[in-house]
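For clarity, chains are labelled A, B, C, D, E and F in written order, and residue numbers in each chain start from 1.
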Amino acid sequence: MRILVANPNTSSGVTDRLVASARLVASPGTELIPMTAPRGVPYIATRAEAAIGSAVMLEMLAEKRGSVDAAVCAAFGDPGLGGARELFDFPVVGMAEAAMLVACTLGRSFAIVSFSKSLEPWFAEIVAWHGLSGRCAAIRMLDSAFTSIDDVAEEKEQLLVDLANRTVADHGADVVILAGAPLAGLANRIRERVPVPLIDGIQAAVTMAEGLVRLNPRKPTAGTFRRPGPKDSTGLAKALADVIGHRDA
Amino acid sequence: MRILVANPNTSSGVTDRLVASARLVASPGTELIPMTAPRGVPYIATRAEAAIGSAVMLEMLAEKRGSVDAAVCAAFGDPGLGGARELFDFPVVGMAEAAMLVACTLGRSFAIVSFSKSLEPWFAEIVAWHGLSGRCAAIRMLDSAFTSIDDVAEEKEQLLVDLANRTVADHGADVVILAGAPLAGLANRIRERVPVPLIDGIQAAVTMAEGLVRLNPRKPTAGTFRRPGPKDSTGLAKALADVIGHRDA
Amino acid sequence: MRILVANPNTSSGVTDRLVASARLVASPGTELIPMTAPRGVPYIATRAEAAIGSAVMLEMLAEKRGSVDAAVCAAFGDPGLGGARELFDFPVVGMAEAAMLVACTLGRSFAIVSFSKSLEPWFAEIVAWHGLSGRCAAIRMLDSAFTSIDDVAEEKEQLLVDLANRTVADHGADVVILAGAPLAGLANRIRERVPVPLIDGIQAAVTMAEGLVRLNPRKPTAGTFRRPGPKDSTGLAKALADVIGHRDA
Amino acid sequence: MRILVANPNTSSGVTDRLVASARLVASPGTELIPMTAPRGVPYIATRAEAAIGSAVMLEMLAEKRGSVDAAVCAAFGDPGLGGARELFDFPVVGMAEAAMLVACTLGRSFAIVSFSKSLEPWFAEIVAWHGLSGRCAAIRMLDSAFTSIDDVAEEKEQLLVDLANRTVADHGADVVILAGAPLAGLANRIRERVPVPLIDGIQAAVTMAEGLVRLNPRKPTAGTFRRPGPKDSTGLAKALADVIGHRDA
Amino acid sequence: MRILVANPNTSSGVTDRLVASARLVASPGTELIPMTAPRGVPYIATRAEAAIGSAVMLEMLAEKRGSVDAAVCAAFGDPGLGGARELFDFPVVGMAEAAMLVACTLGRSFAIVSFSKSLEPWFAEIVAWHGLSGRCAAIRMLDSAFTSIDDVAEEKEQLLVDLANRTVADHGADVVILAGAPLAGLANRIRERVPVPLIDGIQAAVTMAEGLVRLNPRKPTAGTFRRPGPKDSTGLAKALADVIGHRDA
Amino acid sequence: MRILVANPNTSSGVTDRLVASARLVASPGTELIPMTAPRGVPYIATRAEAAIGSAVMLEMLAEKRGSVDAAVCAAFGDPGLGGARELFDFPVVGMAEAAMLVACTLGRSFAIVSFSKSLEPWFAEIVAWHGLSGRCAAIRMLDSAFTSIDDVAEEKEQLLVDLANRTVADHGADVVILAGAPLAGLANRIRERVPVPLIDGIQAAVTMAEGLVRLNPRKPTAGTFRRPGPKDSTGLAKALADVIGHRDA
C-alpha cells in the first residue's frame, strides 16, 4: 500500500527525517511517499502558521489524490485534518492524533514534550480538538534557542531526555510523546533513558494508517465528514479548486 | 474609531449586509471599513473552507494593519482568529465569539440557529474552541436548499422564526443567536416573533470591538498571544509574509 | 444613556473609586449613576456576605428601576445577578462576568488576582457559575492584612504587580483580571508593569453595558429569565416587594 | 440529638409537612426542631427568591445557634448553605445536597422531579453548585397551575407518579428525587408505583445530619469553610450581625 | 440492624481494625458483622488486585445475603460495588464512596491521603467512577516502605499528619479523607493535628449504611441496577452462581 | 507475530466468530491464538459479570505469557484491561478501546450499537473509563430477546442495520461501532447499508495490536502501569499467583 507522508513545513530535511523514522516500523508491503510543502514556513510553530499550513495541506492532498491509499498529515498539530476528512475518500491520519491514540493504549495519561515554547498553544489546541485533554497530563517544552530545525533533535537530545524524565516525575505521565516533526526518530535513540514508553508521532501515524487501509472503512455519505456538495471558488490552487468543485480528474 | 469588517467570504453582497446591520448599533464616532475576501468561496460552510478562509483572513488583516483601530473577523466560525491575535497589535473580535459572549450576559444558555445543515460541524467546533460548549443549549439548522446566499435571510425568514421558536421550546435556550454572515440584519426584523433575545453576530462584534478600543488593552509580550519572532516564508501573500518576517511597513 | 453603578458594599469610598475608573472608558453620552448599599458590610468577601449582598442588590435595583437604562452589579462576585435578570427588564451586567467575557477576547485563558485570600472561594464559585472555569488559569490572592478597604489598591500596588507577574509566569495566563471593587482604577496605573493585558472589572462592565443598551435586546417571555408571575411576600423592602408582587409603579 | 429543620419559606404548612416526613426515618433519640422563615415568600421558586431566602436562612441559623446539634437547610435549592458552613460550627445539610448524595449510593444517575416549571433553573444551579451535574440524568417538572402550596403533593400525586415513570423511561434514571419541600412525605405514599428508588429530600437530609453528628467532624480553621474574621455591619438582623461581628452570646 | 463489614483483603487484622473504628460511631441498635476475604491478597493496592477483589467481594456478599440489612464494601476502591448493586436487594455502600459523599457535606473539595504510592491509580479511578473528580483537590500518598499492613497506621502516623497538613496548604482541600482500610481509626487519634475535618472511610460508610436502612429504598425493577435475569455459569463459587442463576435459597 | 485473542466469555462459538472476523484484516505474518474462558458466563453483559470476567481475563493472560507478542482482551467492555497492563510486559489491547480509538480517526463522534439493553451500563462505564465520553454520541441497544448468543448477529441483522441508521440520523454519529464479541464479522456484511463507517471491535483491536508490536514500546518502570512489586496471595489460580508473586517461569 502507498502512504503519503505530507509534510506541511517547507523544510525537506524534516521530510527526510520523517520518512526515515517511519521506515523503521512500516510493514514490508508499505511504500512511503514523501511530500514537502511548496509554500509556507520552514516549520509551523504558531496558530497563525498552522492556519496557513492547513490550507497548504489541503492543496497537497488534492495534488496526490488518486495516487495514494492513505495519507499522514505530518506535523504535530494536524493542520487541515478536519477539512481533509471532508474532501477526500482515502484515510488521513494526523501525527498528533495518532501519537495520542496510541499513547492511550499504553497509559492512563500521556505527556507531550517538545523543543520550543512557541509550540505549546498550538499543541494544546489540537489536544482539545481531539477531545483528549482528559488524558493529557502535561505539555512541556524546552525554552532555549536552537541552531537548525533540521538538527534540533540531536542538538537538544539530552535536554529532551531530562525534560521527559522530569515530566514523568512531576505529572505522573504514563507515556511521553516526543512531539513535532523535527523530533522524528529520537524516540528510538533514547528509549532506554526514560522509564515509560515514548511515542514517535510519525511511527504511530504510519501504523495507524496501515491499520485503516486494512480495515477499509467506507467513505461516509452522512455525518459531518460526508463530502460537501460542489462549490465554485476563486483564486485557489487548481487541484484544490477541482476537488471543491467536484471536477474529479 | 475605525473598525474593519473583514468578510472572509468572496460574496460582496454579504459584506454589504454585514455593514448595514452593524450600522444600526455602531456608536456615532465609529467608521466601519468593509472588506471582502479576494479569494476563496462565496460563503464558508465546511471545515475545509474554513481552513482556506483562515489563511485568507490573515492576508486581509495584514493588508489593513496600520489603518484600523480594531477588526471583526466577520464569518460566524471566526476563521483565523487565533492566528490574528498573535500577529497583530489591534483588537480582533470574532463574530461567533462576540455573539456568544454577549449571549452569556442575557441568558444561562444560548442556542445557535442557522440556514444550512452543512454549517453545523464548523459552528460546533468554534463553540468548543471558545470553551463555551457548556453554555450552548443546541445548534439547530434548516435542512433545505436555498436560492442565493445574498438573499437567504429573506427567503428563509419564516422558517428561521419557526426554528428559533422550536429551539426555545425544545432546548430551553434563553437566547437565540442567528448565526452566519448571510443572516446579518435578520434579528432586528423578527425580534417580536421569538420570545427570547436574538443576537445578530455582526452587531455583537461591533459593540465588543468598540468596547475593546475604549478599554485599550496592551499588546502582550508574554503568554500565548505575544507576537512570534520573525520568520522567513515562501510563497505567501506579500503583506502577510511581511508581518511574519517582521518587515513592518 | 444612564447606567447604574450599584455597589453592594456599604463603603461609599469604594463607590467613588468605581465611578472614577468607569469614567475613564465610558462613552461621551453615558451618565453613570452611583449607588452604595444602604445595609450590609463594608466589603463583601465571603459566601455568607455575598448571600446578604445578593438580597441587598435586588433591593437597590428595585429602587432604581424606571430611572436607568442598564445597571452594573458592582462587586466582583456578581451578587444577585441571576435574580436581577429575572425581575428587571433593563440589562444588568456583573463585574466578574464582564471582566471574564472581555478577557476571553484577549486571551486563551485569564487569571484572577486580588488582595485578600478570603475572597478566593467566592470568586471561584462565580467563575464556575458563569461556566468559565475552563478559561480560568488561576485565582491568586495576596495573603497579608491591609489597613483600609478604601486604599488597599495603593497600599498593595507593588505586591499586586508582583503577584500578577508571577501568575503569568506560573500559570501561563494570557490576561490578568484585577478583581474586586476596591482595585478599580489600578489597571490603568500598572499596565506597563505586567506583560499581558490587565482587566479592570468596572471598566469592562460599563463597556459591556453600553453595548447591551445599543443592542437593545428584548425582555424574554420564555426561558429561565422571563419575569416570574406575581407573588405575595412578607417583610421585604417595599420596592422589592412591589417588583415581586407586580405592583409596578 | 437536636436537629433544626429550618424552612426558608414563610409557609408553616410546609414546615409541618417537612417535620412529619422527617419523623418517619429519624432515629429514636433525635429531636426535630421546626422553624419557619419570619420573612420572605410562601415558597421559594426563583433565583431572586432564593437570593432573599439565602439571607433569611443565615438569620434563622444565627437565631438558633447554641441550641441545636445540626441543622437542615430545608428548601430544595439549599439557600444559604455555603455561607452557613462558614459562619457556624455545627453541621448544616442542604435538602438538595442530601437527596443527591443519597441518590448517588443507589444509582448511577438520578433525576429530579417536581411540581412547577419555575423551579427548574434554581434546581439546575444547585446541582451544578454541588458538582453533581454528571450524575443528574434529568430535571423534569410539571407544567400546570396548582391550588395551594400546602396541598400540591396531594393535588398532583398522580401526575407526579406519571412524570417520574416517564423520566425513568426517557432518561434512564436509576433513582428519582421528589424535589421541593412541599412534596415531603410523597415518596412513602407512591413508592410502589415507580420502579426505582424514590428520594424524599428531608428524609435524606435528616439521616445525613444524624450521621454527621455521630461522626463529629471538627470545625475547620483552614480551608474555605473556616470561620471568617470579625466584621462590622450595618442594618442586619441582630443575631446575624452578632455572628458576623464575633459577638458570641 | 445488621451491617456486614466485608473486607476484600485477606488480612483479618485489617478487619478487626475496621470494626473497631466503626463501633465508635455506630448507633446503639447496630450490629456489625465482620467478614474477611477467604482468598486474594493481604491488601489490595493495584488495579489487578482490585479486579480479583471485585470478584471475591461478590462471592462474600452472596454468602451473607439474607442475613444482613446492609453491607459495606470495606476497601477504599469499592471493589465490586457496581456488580453488588445489581445482584443484591440490600443496600451496599462503598468505603470510598461514603467517605467522599460525607466529605462533600463538609467542604467544597476533599483530598485523599494514604500510605502507599501504589494505591494512587486505583483510588483515582474510583473517584472518577463515582463522578466526583471535580470535588477532589488532590490524591497524595506517602512514598516509603512499611513494616506491616496491620500496623501501618501507627508506624506512619506522624508522616500522615504531615502529609495531610501539606495537602491542605498546597491544594486548598477543605476536608482530608484518610483512605485505605488499614488506616481505619487513625482520624480519631489525629483530629486535632490537622486544621480541617478528617474522614475515616469505615465510619462514613457505617453511618451512610444506617441511614439507607432507615430510608428503606425499594429494589429497582428498572434502571441500571435492576436485577439481571437468571444466567447459567461455569466454575464460579456456589453461592455466587446461585445468585446469578436465581437459585434463591 | 503471535496475537492472543482472549475471549473472557465461556462460549467457544463466540471465540470462533472473533477469530474469523479478525483474519479478514490481519497482516500476512500474524498468527491469531484463540482462547476461551475456562470459567464464568457464556457472555458477559452486566457489571457483576464483568467483575468476574476481569479476574478470569488475568488468569487467562497469565497462562499465555511468554508465548505471545500481544493480546486482545476480546469482550467489548475490556474486562481486566487495566490490571493486565500492570502485570504483563506484552501489549494488551481492549476491544472497546481499539474500536473507539479507530473510530476517532474516522469521525468527530461515534455511536455504539449492540443487541441487548443489559449491556448498556457496562459499555457506558468503559467509554468513561477510557476518557472518551466526549466523543461518544450515543449508546443504543436493541430491546428484544434473542435465541442464541452464537447466532444473534444473524438473527438481529436487519434490526441492527435499522438501529444503526436511526442512530446516525438521531444523534449525528459519524461512525457506528457494532459492539459486543457476538457481533464480530457483522460490519463487513452490512457496510453498504449504513451511510457511515462501521467498526468491528476485533478487527480494530487486531490492527492496533499489530501496530503496537511493530512500535515495540518499552515496559514502563515508572508511572501507573509499572509492574507492582511481588506479593503473596491465597487461593488464586496458580499462573496468576505466580505472576503476582514474581515467580516468573
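The rule is short, and it goes like this: contacts are C-beta pairs under 8 Å (C-beta built on N, C-alpha and C of every residue); 3 or more make two chains touch, one makes a residue touch a chain.
As the structure is a prediction and not an experimental result, all values here were calculated from the model.
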Cα-superposition angle relating the copies chain E and chain C, to nearest 5°: 120
Chain whose Cα centroid lies at the greatest distance from that of chain C: F
For chain A paired with chain D, centre-to-centre distance based on mean C-alpha positions, whole Å: 52
Chain D-chain F separation of Cα centroids, rounded to whole Å: 44
Centroid distance [mean C-alpha coordinates] between chain E and chain D, Å: 27
Multi-partner residues of chain E (at least 2 other chains): 85, 108, 120-121, 172, 224
Interfacial residue positions of chain E with respect to chain D in the complex: 25, 27, 85, 91, 93, 97-98, 101-102, 104-108, 130-132, 134-135, 168-169, 172-175, 191-192, 195-199, 203-204, 207-208, 210-212, 214-215, 217-218, 220-226
Chain C-facing residues of chain D, complex: 10, 38-42, 45-52, 54-55, 57-58, 79-80, 82-87, 118, 120-121, 125, 128-129, 224, 228-229, 231-236, 240, 244
